[in-house]
Each structure stands twice: as C-alpha cells, then as structure tokens.
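I'd like to ask some things about the structure below.
We call the chains A, B, C and D, going by the order they appear; numbering starts again at 1 in every chain.
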Amino acid sequence: MNQLVAPAKSLDKSKTPGALFSTLSIPIAILVLVVIGSVASPSFLTVNNLTNVLNANSAVGLIALGMTFVMVSGGLADLSVPANVAMGALVTLGAQESMGTGLAALMGLLVASMGGVVNGILIGYLRINPIIATLGTGSVLLGLSQLLVGGGIVYAQPSALSTFVKSSILGIPVFIWIFIFVALILHPLLARTSFGRWSLAVGGNYQAAQASAVPVRFTKAAAFAMTGFLAGLCGVLLALSNGQARPIIGTGYEFVAITAVVIGGTSVFGGNGSVLRTVGGVLITALIGNLIILLGFPSQATGLITGAIVLGAVGIDAYFRRKAGRL
Amino acid sequence: ADSGTDSASGDAGSVEGKSICYVTLANSHPYVTPANEGAQAAADAAGVELTIVSEEFSAQTGAEQLNSCVSRGVDGILLWPADENSYLPGLLKAEQAGIPVVAIDTRAGDESMELIQSFAGADKYDQGKISAQQLDGALDSTGGIVVIAGQAGNGTEIARSGGFLDELESMGSGLEILATVNADFDQQKALVASRDLITKFGDQIKGVYAQDDTMAKGFLQALEESGLDFVPVVVGINGEAGAFDNIREGKQFSTILQPPFRNGELAIETLISVMKGETVPEMVPLENTIVDIDNVDDLEPAL
Amino acid sequence: MTTESTPAVALRMTGITKSFPGVMALQDVDLEINEGEVHAIVGENGAGKSTLMKILAGFYQPDKGEIEVGGRKATHWTPREARSRGIGMIYQELNLVPDLSVAENISLGAMPKRGPFVDYRAMNAKAAAVLDELDTDIDPGTRLGDLSISQQQLVEIAKVVARQPNIVVFDEPTSSLGDKETRVLFDVITKMRDRGIAIIYISHRLQEVMEIGDRVTVLRDGRHIETRDVAGITPDEMVSLMVGRDLNEMFPKFDLELGEQVLSVVGASRAGQFDNVTLDVRKHEIVGLAGLVGSGRTEVARALFGLDPLEEGTITLAGKTVKIRSPRQGVAAGVALVPEDRKGQGIIPGLSVRENFTLPVITRITNALLIFLGKERKIVTELADRLKVNPPQVERPLNVFSGGNQQKVVLGKWLLSEPKLLILDEPTRGVDVGAKADIHHIIGEFAQDGGGVLMISSELPELLAVCDRIFVLHEGVISAEISRADATEESVMRAATGQEVAA
Amino acid sequence: MKNFDFALLGTRAVQYRLVIMLVAVAVFGGLSLDDFLTVNTLQSVLDRATVVGFLALGLTPVLIAGQIDLSIGSMMSMAGITTIFMQPVIGNVPAAAAGVAVGILIGAVNALMVVVFKINSLVATLATLLIFASLALLLTNSYPLSSEDPIFGLPLTADFLWILTPRSAIFLTAAVLMFVWLKLTPTGRNLYAVGSDAPAATSSGINANGYIATSFILSGFFAGLAGMMQSLSTAAGSPVAGAVMLIPAITAVVIGGTRLEGGRGSSLATLGGVLALGALTTALEYNGVPSYTQAIYTGLLLILLISLDRIVSGHGGASSRAQRSVRVAPRNTPLPRRNA
C-alpha cells in the first residue's frame, strides 16, 4: 500500500453520532409522531386517517421535491412558488373553456414552467441572489395572475380529467400516486444521475464545479425551472380537484415546502441533500398538521410546533456537524 | 382641509366633481372586486371622482391609507375596515378635517363607528348570528358541530365567529362545538383539515359552520372522499355558485347571499348623501338573504 | 537546552494533544521558541503544523497540554487573548476582508479612534507606513477585493507587522509570493528577528528554511520528532526526518522521444492580461510556463481551458483548430486544468473523494439515465490507490483530507478525463515533499503515456527539474522560450524580469 | 466605444439609482396628479414609510453582517400586541417600552439560534417567523386588541416639522445615526468586516459572533419599535400586523443597494429605498392603479435594478479578477469556540 504512514485512524462514516442522527432522525421522528398519534386518538391508526396524512401535503409536497434541488444546488429557496401555483391553477381554469381541459392543463404547466425558467435565467445565468430574484418574479407573476382573473375566482367546468384527479386507484388517491411517482423520478435524478451529481457539486463549490466542466448555470437554472414546473403542477391539480381557483391559492406554500426540505435535513448551504429525506420531511409536516387537529389543539399552533421542530432538527444536526469538525 | 362638509352643505344637491377616496379591502377578491366595481359605477353615475386604494387585507396598511386620504383633503371617504380598531386615529383626523366617512361591508369597533357617519353592507356579525340560528334550528339544538373559520385575526373571520358564538350563547343553544379550525378561506386547507376532523369525529359531526362557501365545499369534498354516509347540516356564507349547486343537491343546508356589486353601489350612494348634507341612517343594510333548498332556484348566486 | 547565552524563551508549548473525529492531529507535542530567533517547522501534509499554530492562536482548544507565553501560563486562550499577548499569525490561506479598504484591513480589530469615530487619517497613515516598510506601492484606500492575490498576501503580512507582535507565525507565507516578494518578506523577517521578535516559519520549501531559519522543528504524524539548529542539518536529513525514510529521487525525469504537437497557441490575447502569446506543447513533453507573480500565467492557463475565453488568437489541439469558450468545451477538446486556488476552484469540500474524482467525466459512466455506481467505485478505488491518496477512504468528504491529498484528488479528477493536454497551475503549492514526489511521478507518467503537459510553477528548481522546455512570461508577453539544456535559474529569471535574453 | 459608453451609463445608473428613482417618481407623480408635490403628500409619504422603514432599517445591519432575518414581521406583531396589552397594566409609556423589549427579546432568541446553536439564519428566522406569528395568534385568540387609551398614540402621526411627523422624524434620525455608526465608528466597520468574511474578521480578533448577535438584536429592536409605533398610532395591537411587512422591507433594503451576501450596504441607502418605494406606492395609489399592478411594477423594478447591478458589476475582467481573489480567503477556518 502506502509507505506514508496514515495519520488518520480508519473512520467509518456511518458510526459517528452525527451520521447516525442524520440517517435515523427522520424515521425516528415519524415513529414518535405515529406513537403519539395512536396513543392520543383511536382514529389515528386507521387506513383512512393515514391516507389523509399522505394526501394532506402531497400537493405542496411536489413543490418540496423541486425545492430540494434548489437548495442542494445552492439556490437557497424559491419564494415565487405561490405565484407559480396560482399561475398553473388560473391559466388551467381560464383556458379550459376555449381549449379543453387537457390542453388547458398543459398550458397552465407551461406558463408556470416559464416562470421557473425566468427564475432560472435570473439566478443561474445572471447570478442574481435567489431570494431577491424570486421575490421579484413572485411579485410580478402574482400580480399578473390577479390581472388575469380581474380579481376574483375562476370556476372549473366538470371534466374527465378533474374526475380522475379526484379519484382513487387501488384505494389510494391520485394525488398520492402523483406525489409518489414524482418522488420516484426525482430521487434517482438527484442520487444517481449526472445531473444530480452536478447539483451537489454546484451547491458544494460553485467555482470548483465550474472549473470541473460542470454546466453550472444550467444546473442551477434547471432546479428553478423544475420547481416552477412542479408548483404549476400543484396548481393545476388543486384547481382541477377543487373546481375553482383564486390567486391566493398557493399562499404560504413556499414556507411549507422549505420547512419540509429543511426538516428532511437538506442543508441550506447547498451541497448535500436527498429527495427521499424530503419525502420524510413532507410526511412529518403532514403528521404534525394531522395530530394538531386530532389532539384538538388550536390550528394557530401549527406554526409554533413546526417552527420548534425545525429549530430542534436543524440545531441538533448543526451540533453534530460541528462536533464532526465539518462546518 | 378647506373642502369637506362645510362646502358640501354649501351647495347642497350637487356633488359633481367632488372626490372620494375609497380604502378597499383588496383589489382581487371574489367578493370585494365586484363591490369595488359597484362603487365605481355609482361614483361614475354621480360624477364623483373616485380613487380606490387597496389595503390588501391589512388593517395597518388601511389605517395609513386612511391617513393619507385625509391629508389629501378629499371630500369623502369610503372605508372597508379590515379589523375593528386600527382606524380610530385616522377617523379622528378625518373628523377634525371635516371629511365624512362611511364604512362598507364590515363594521368597525364601537368607538370607531361613532366617528363613521354610516355603514352600508351586510352585517357579518349578523351573518354569524344567522348561521347560528340556521344550525341550531336544523339540529334542534343538540349534537356536535365543527367550525371551519377563516383566516385567524381577519376582520370577517372575527365578525362571523363573534356573531355565531354570541348567538349560540344568547339562544342557550345545546349545540356542542367539537372543534374549531382556521382554514384561511381556502378550499384546499379546509379540505385537508376536514379530512382530519372527519377521521376524528366521524358521524359525531352533526353540523358544520363554514365561514364561507369555499370552505364548505372543502368540507363536502372531504366527506365525499371519506365514503361515510352521514349527512351533516352544512351552513356556509357568501352565496357562491358552487354552494347553490350543493344546496340543490342537498349536500349543503344553506348559505347567506349578499350581492357585492349592490353593496358597493349602496355604500357610495350613502356616502354621497352624507356629503350632500342629508341625514342618513346609522346603518344602510344590505339584505342578508338566506338561501336554502326552498328558494335556491329563485335567486342568482352572488359570485 | 538553553545553555550558553540563555536567550529568553518567548513561547513554550508542552504536551499539546489534539484530536479531530477519527484523526489524531497532534500527540504530546512540545515546542519552545526563543526571542529573536526564526524557528522553522517542517513536516509533511497533515503532520499537524497548522493545527499546532491554530492552537497557539486560540482557534482550537487543545485536548491536553499547556501554553506559556513570555513566561506566563495562558488561560482562557481565545484568538483575542492570543492576539493581546502579542501573537501574530499569517495563515496558509488569506484572512482578509474583501469589502473593506486595505487600510481598514490592516487596522482590522484595532482601528485608531478619534473620540468615538474611526480616525481615518491616522489609519491610512499607519497603513501607508507599514506598506512602505514592505516596499510595495499598494494604495491604502483600495478595496482589498480589487487587489491581486500576491498583493493581498502582502497586505496580510502588513496587517500582522502593523500590530508589532512579539511572536509571529508564518504558515507557508511564500506559497503565493513570487521571488521578488519573497525577498522583501525575508528582509522583513530578518528585521523583525533583529528586533527580538520570535518567529515561527512554516514552509515546505526547504531551501527557504535553510536560508532564513535558525532552528528547525520536524513534526511527523502529529508528533514532535526533533528540534535542531539549521546550521547543523542538511535538507536531505530534514526530508528523511519528515518522512521517516530516505527520498532519493525528488524530481524524477523520464527521458522520452517527443511526439507530434499536442497544443499550439498562436497570437492569443486577452485585454489587460496577456498579449500575443504563442506557444506549443508536444506529445510526451512537459512544458513549463515561468514568470513573476502577476505576469499572467494563470490567465493564460484559464483561457486555454475556457474559463476566461481568448479574445484573440487560435488554439490548435492535436492538429485541429478548436474554439474553447467554456470549460466544457475545454474538456471536450481534451484540455484539463488543475487550478492554482485549490480550495476555491479545485475541490468540492462536501463531496466524497469518489464524487470529486468523477465530476468532469460523470456523463461518461452513465447509461442513458443512471450512473453506474459499481463501475464508478471500481475506477475510483483503483485511481486512489495509484495516486496514493491517504487515507485511502474514497467515501470520506474531501475537506477532511490534508492539502497534499486534496491536490492528488484534483489531479486524479483530471487524469480520469484522459486529456491530451494537462495544464497544471502551481500543482505542488503547499504540498509536502512526499506528496510532491508522488505528484511529479504522476505527471511524469501522464507524459509517458502520450500526454502533453503545460506546467506553471513559482518554484524555479521544480520547473528546471521537470520541464523539457520553458516559456517565460513577462507582463503578459512571452519573453523567452528556453530549452531544457539552456534553462538555468539565471536565464529564466532574466527573461521573467524582462532583461534581454538570447534564447 | 459604444459598449464602453453603455457600461458607463449603466454604472452611473446603478450609482445614482436612488436619486434617479426619487426624481422619476416625483416627476411622474407631479405630472399625473396635481396634489402630489405638496407638503401634505410629502408628509403622508414620509409618515407612511416609517413602519416599513423601521423594519428595513433593522434589517440593514443583519444583511451587512451577511445574515437574513425573516422574522421581522412576527416580532413586529408581538411588539404591537404587547404594547397595547400592557397599556392598562403598567401605563402607556412603560407599555411602549415593553413592546420594544419584546422585539429585543425575540431578536435575542434569533441571535441565540444563529450564534450559539449555529443554525443558518434563513432557517432559524423562518422558524421564529412561524413560531411567533403563531404565538401572536394564540395569545390574542386571533382578535386584535384595542387600546384603552386610543388618544395616547395620536401625536405620533400629528404634524410636527413641516413635512415631518414625530414618528417620521424619529425614523429619519435613526437612519442618520445608524449611518454614522456604520460608516464612521470602528464597531460599524467591524460589522462590515464580519459580513464580508467572518472567519477573516474573527482572526483579527473581532468577535464575529458578537456582531452577528448584535445585528439580530438590533433588528429585533427596530421591529419592536415598528410594532410599538404602529400599534400606538392605530390604537390597536393586531396579531397579524407584521404578516405582510417582510417583502416590502426586504425590497426597500435591496432597492437601496444593500447586498444579501453581506459586507456592503448602508442605512442611508435603505432610507432612500424606503422613500422611493413609499413614494412610488403613493403615486400609483393616487392614480388608482390596482394593488396587483403595483406589485408587478415593484417586482419589475426590483429585478431590473438587481440585474443592472449584476451586469454592471460583472463587467470586464477587473471584477472577475476581484471575484477570483476573494475566493482565496478561506471558507473553512472554524470560528472560535469558547469552551474547551
């Protein structure tokens, strides 16, 4: 082997407390919440309720999946999510009459994706700070969407597509299937493809990634385009299943998505993260919402509990990271 | 403030060319937007110049806009209070400047109302009361109900909750509130919360008070999904088209219809009367029409 | 130990032990520094030199051990405390604030005040005085971020000198300095020593140690090996103490038949950086690019790789004229660049060795969709083995590896891309002798296998030993092309300083 | 040649953007409205700008320190309800102090999370944003509190000096004081150093953590001030008062030219940003432009300014050079730790 004496004792990564925490924290948190739930309420461990839990956040969960790529690639966060959700929803319902539901939905997706692409160009290619860029585009797009409906509400016409969106397959609602489907595509995209590796590299060290022939601008831009698309998808699905849409439809979704990603343990600094863990984060936030109602807490307490969990999870993670000497 | 009531009473009868500042709740909202349009139409008809500024649901923004309307020295102010209290200082200033103020749609607090010449709109507090009566009557004053409230702290939510709770109490109703959730006037949020409520309480839910029809719709969606076949009494507010359908289908018990366009017209007309120096009643009511299976086919949805 | 004239002990560190998770960085290290001496510390990458100094500066708390400064025991040892006790540090990496002016940087943490306000006049005057002492003409009012790296390095030194410390640590100060700046620095160090200041000098360049050091301490694997007078030790002895074995061949040179042209650059220019650069590299050839700091070597390298594309001129690679406007095009054309700023542009700290290795070529080990993880692991393990990456754990994040090993990974990353032309910008900067030999070996092998190498180094002996030919840049213009036979330190320096050279 | 002129034009435009914007708004407002350029309007623009202004002012040191504080709105709400709630209990003036104190306290919580528990400020303040918004609703049961002494706060928005009201005078004074602190005192300069490169600042003996903590506490203080003044001048403590304040505050700071990346910015720039935004809003409002169209304009303005800034500063080799050398400063030098 090597004549130079190894100064480092062999170190098995998976056995440090920090690594243990980051691999086990999500399953444990979910377990704890499930235990609390089943102790507190007899209705918790029913198929119906568990479906509800999954169903509750699967629409906004789609956005969290996209947001994972944004954060991993060092793009901080996409605050224009509510605007893209509204765009997806309003365009779909607005165009439904003239072009039919299917095409209208595609139109909605397209417009929201365009919003994402604009973000991508501003952030990836012009290198504008993501917080500011998405604040700006969000403001513009939301304004446009309100202009579009002249301030009000758009109703859907009954259609096969909306019936399908509201239905269940094998007893599981279509929303959940879509969420699972997207997660199953995006997880390997991050963990197993070149694009995923690029995302991690760009978030880890932008300059070095650029100097390693990684298409840095494209990678960063793509994360935002993808999030725009998924926000649009979320909007389209909500519009079709609710039968109506208003510009406020996605209000607060950016925070829910960020919270889910962060609870999932993806670093806001970029450079690490996993879609699977975000799925865990989505589950945890959904469980919290479910438990608050089952336990009869006032719903205003949601923010308090979610915030405390974010602080706890990230704080402990940061503690272990520091102990491991990796800042 | 050389304009204001003095000059208004000086050449009573004509308000042509006078200016009105209208602090509205929002620019883009299913109820507020048509109300704004009604106000504009009434102002145009009277030849009054109307400036609409939107507080975007924030009483603080509204209070500042009110101040700024006063300092512009307009001839009349139409105010959509987003909460009960925040406008008091601005109203005091308006009074000092001699600018008449009329409130639209939502009442401000009692102290504020003393500085407001008139109120034109459906009484939301009253809507809460009516909802309580509807539920109590339909359920014979027994059984559990859930309340799906609007955005916490929002003026409409406060009035509709307040009227509802006060009325239940004053009626000595036997209804038991199982749970109250805030779903922010949002169908999706109501849907998610209702799923959990249905899981928890099942058919203990005899009645539902949804503070608007979109949230009632969310509840009904959750109920449908759950596959449970009990039919609670669902009471909504606003008179949306969707609610009309649900009432026809027997899914929803009732809603309360208040026509927004008319509300706007009425408010401006009232304000113009005040500016002309006419005496107006303290409240110019916009009828709260209860819509249920009996009259649903005779009425037009508000939005 | 202190027998004859018993010089006063400025600093005594005893029994210092420090471990990081999985790494014993220092074990029971003793160190004693006298006033008015230049005390060199040498050791391989990862020997623990920087860690020891960071403990001295209060950045790390030792697990065990004591520090005594000026005869007084140190308690509550924080960076602030260390500084107030007269310890000045010049780090391996720059520690400056890009958004403040040079003068503010120099006075950072102790700005002169008039009343509650900053006394800008006094501050600028003080900065100007110190910069003058260092023989530079940097304007104290410039925003620091607008200076070149070597200018920043001088500001860093000025900052410490301005505080008039009693103990000054230089942790590889010359790694980004050119010859001229190095001379200036040595003058300053000598002056400081003569004023009775204790100086700790860390460097991998043993010639420097021989020149400036009074005593030298050797660390190996976190342990104190020996402290000796420099007068009584040779570089070879130092090296064997450092590595625990003899290194017979520091600069291996394979003599190979040169092949056809790999690279030919004609009339390359970028405004303000370099002008009309014409050079070529052949198969099996290692071509040096020499020049003073600021002569534009890095810029030429970056342009050839596509990081800052050429404004004028043509690049021909293996007979084909190519346009290289981005690193992707560079890689596609068969160029690879090992950048000088390893931390900033070389490594992705959070990614593992494996992921760093395969980054530029990741698309080549995927099918239409997914990465072949098994294949990736196999390639990477073999490469790590060949490059002697130490410790050989390819799943560890790269930031916990020592500088030399990080550099091997950066090098390996580019070898994997199988370039025709490998450009190396200061490939052995801050790298210890053992790793340096390893790196030279790797470069040699690459040339042997038919690649062409363009190598930039500020260490002339290195270039002279390794290169077949040397181009010299002077203020962005090629001032000479010198064959291996004609290349001497003198001939290269003359060309680099712009004196006339008969090539 | 042509290119060069454009670049110069761009640079100048970015440099004098505040002046350009203020003049443009004044011209636009003056032309479209006959009562825009009057003392009354100016007074009302300034007065309306103060609440967002205080928040933006508090955000400025945080951004200079390279951090972000999303919780300003929640702190403001908490301060407002505290002020109104405490009025009958401890009297008007102490209640106002208590409101500000609550802001400071929450700022300290943020500081604790960021500095001691090392949570990234974006995440930490997102969490406290959620927590304290939620707490404000819980404490008030979602009802705004009304002041028992509505007259007390009125003088805050009364006529004061020409175009000033007492609270806008306090705001202007605060902005100037902060400018003096940031630009002329050692601690101010140190704050820039921390934001520019915290490890480097630490190695110069600057207590980076202390400065970061201070910036969060200051932000809490100003949010407290905003909440206190807002609640007093509207005689109500609303649990949702601050919910809509974050975006205008950040927009104002950024329009002023403070960077989110830290190390650069100024409170006078923030003041300019606040005024430009406030004047623009008022001018559009008076012209009857719907709020969503206003949002489109401000959003476009934000994107335009920041893109211009980017394009101008990213021009030519000089700054790519500068960027490159900045990278050399280490990212991995650990911050000092107190205990062994």
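Observations, loosely collected:
Definition applied: a residue touches a chain if its C-beta (ideal position, glycine included) is under 8 Å from a C-beta of that chain, and two chains touch if they have at least 3 such contacts.
Everything quoted here is computed from the prediction, not taken from an experiment.
Chain centres computed from CA atoms place C at the largest separation from chain A. Inter-chain centre distance (chain A to chain D, centres taken as mean C-alpha positions): 28 Å.
Chain C has its Cα centroid 42 Å from the Cα centroid of chain A. Rounded to a whole number, the gap between the C-alpha centres of chain A and chain B is 35 angstrom. Mean C-alpha positions place chain B and chain C at a centre distance of 71 Å. Shared interface positions of chain B, i.e. residues touching 2 or more other chains, are given as 26-28, 152, 182.
Each of the following residues of chain A touches two or more other chains: 146, 151, 207, 247, 298, 300, 325. Residues of chain D in contact with at least two other chains: 137, 142, 290, 292, 327, 332, 334.
Taken together, the chains touch in the following pairs: A-B, A-C, A-D, B-D, C-D.
Within the complex formed with chain D, the chain A residues making contact are 76-77, 122, 126-129, 131-133, 135-144, 146-147, 151, 207, 247, 255, 258-259, 262, 267-269, 298, 300-304, 306-308, 310-311, 314-315, 318-319, 321-322, 325, 327.
Interface residues of chain A, counted against chain C in their complex, comprise 1-11, 13, 16, 188, 192-194, 197-198, 200-201, 204-205, 207-215, 271-272, 323-326.
Those residues of chain D whose C-beta lies close enough to touch chain C in the complex are 184-186, 189-190, 192-193, 195-197, 199-207, 263-264, 317-318, 320-334, 336-340.
Contact residues of chain D toward chain A in the complex are 68, 113, 117-120, 122-124, 126-131, 133-135, 137-138, 142, 247, 250-251, 254, 259-261, 290, 292-296, 298-300, 302-303, 306-307, 310-311, 314, 327, 332, 334. Considering their complex, residues 41, 43-44, 46, 48-49, 52, 55-57, 59, 146, 149-153, 155, 166, 173, 238, 241-244, 246-249, 251, 289-290, 293-294, 296, 298-300 of chain A touch chain B.
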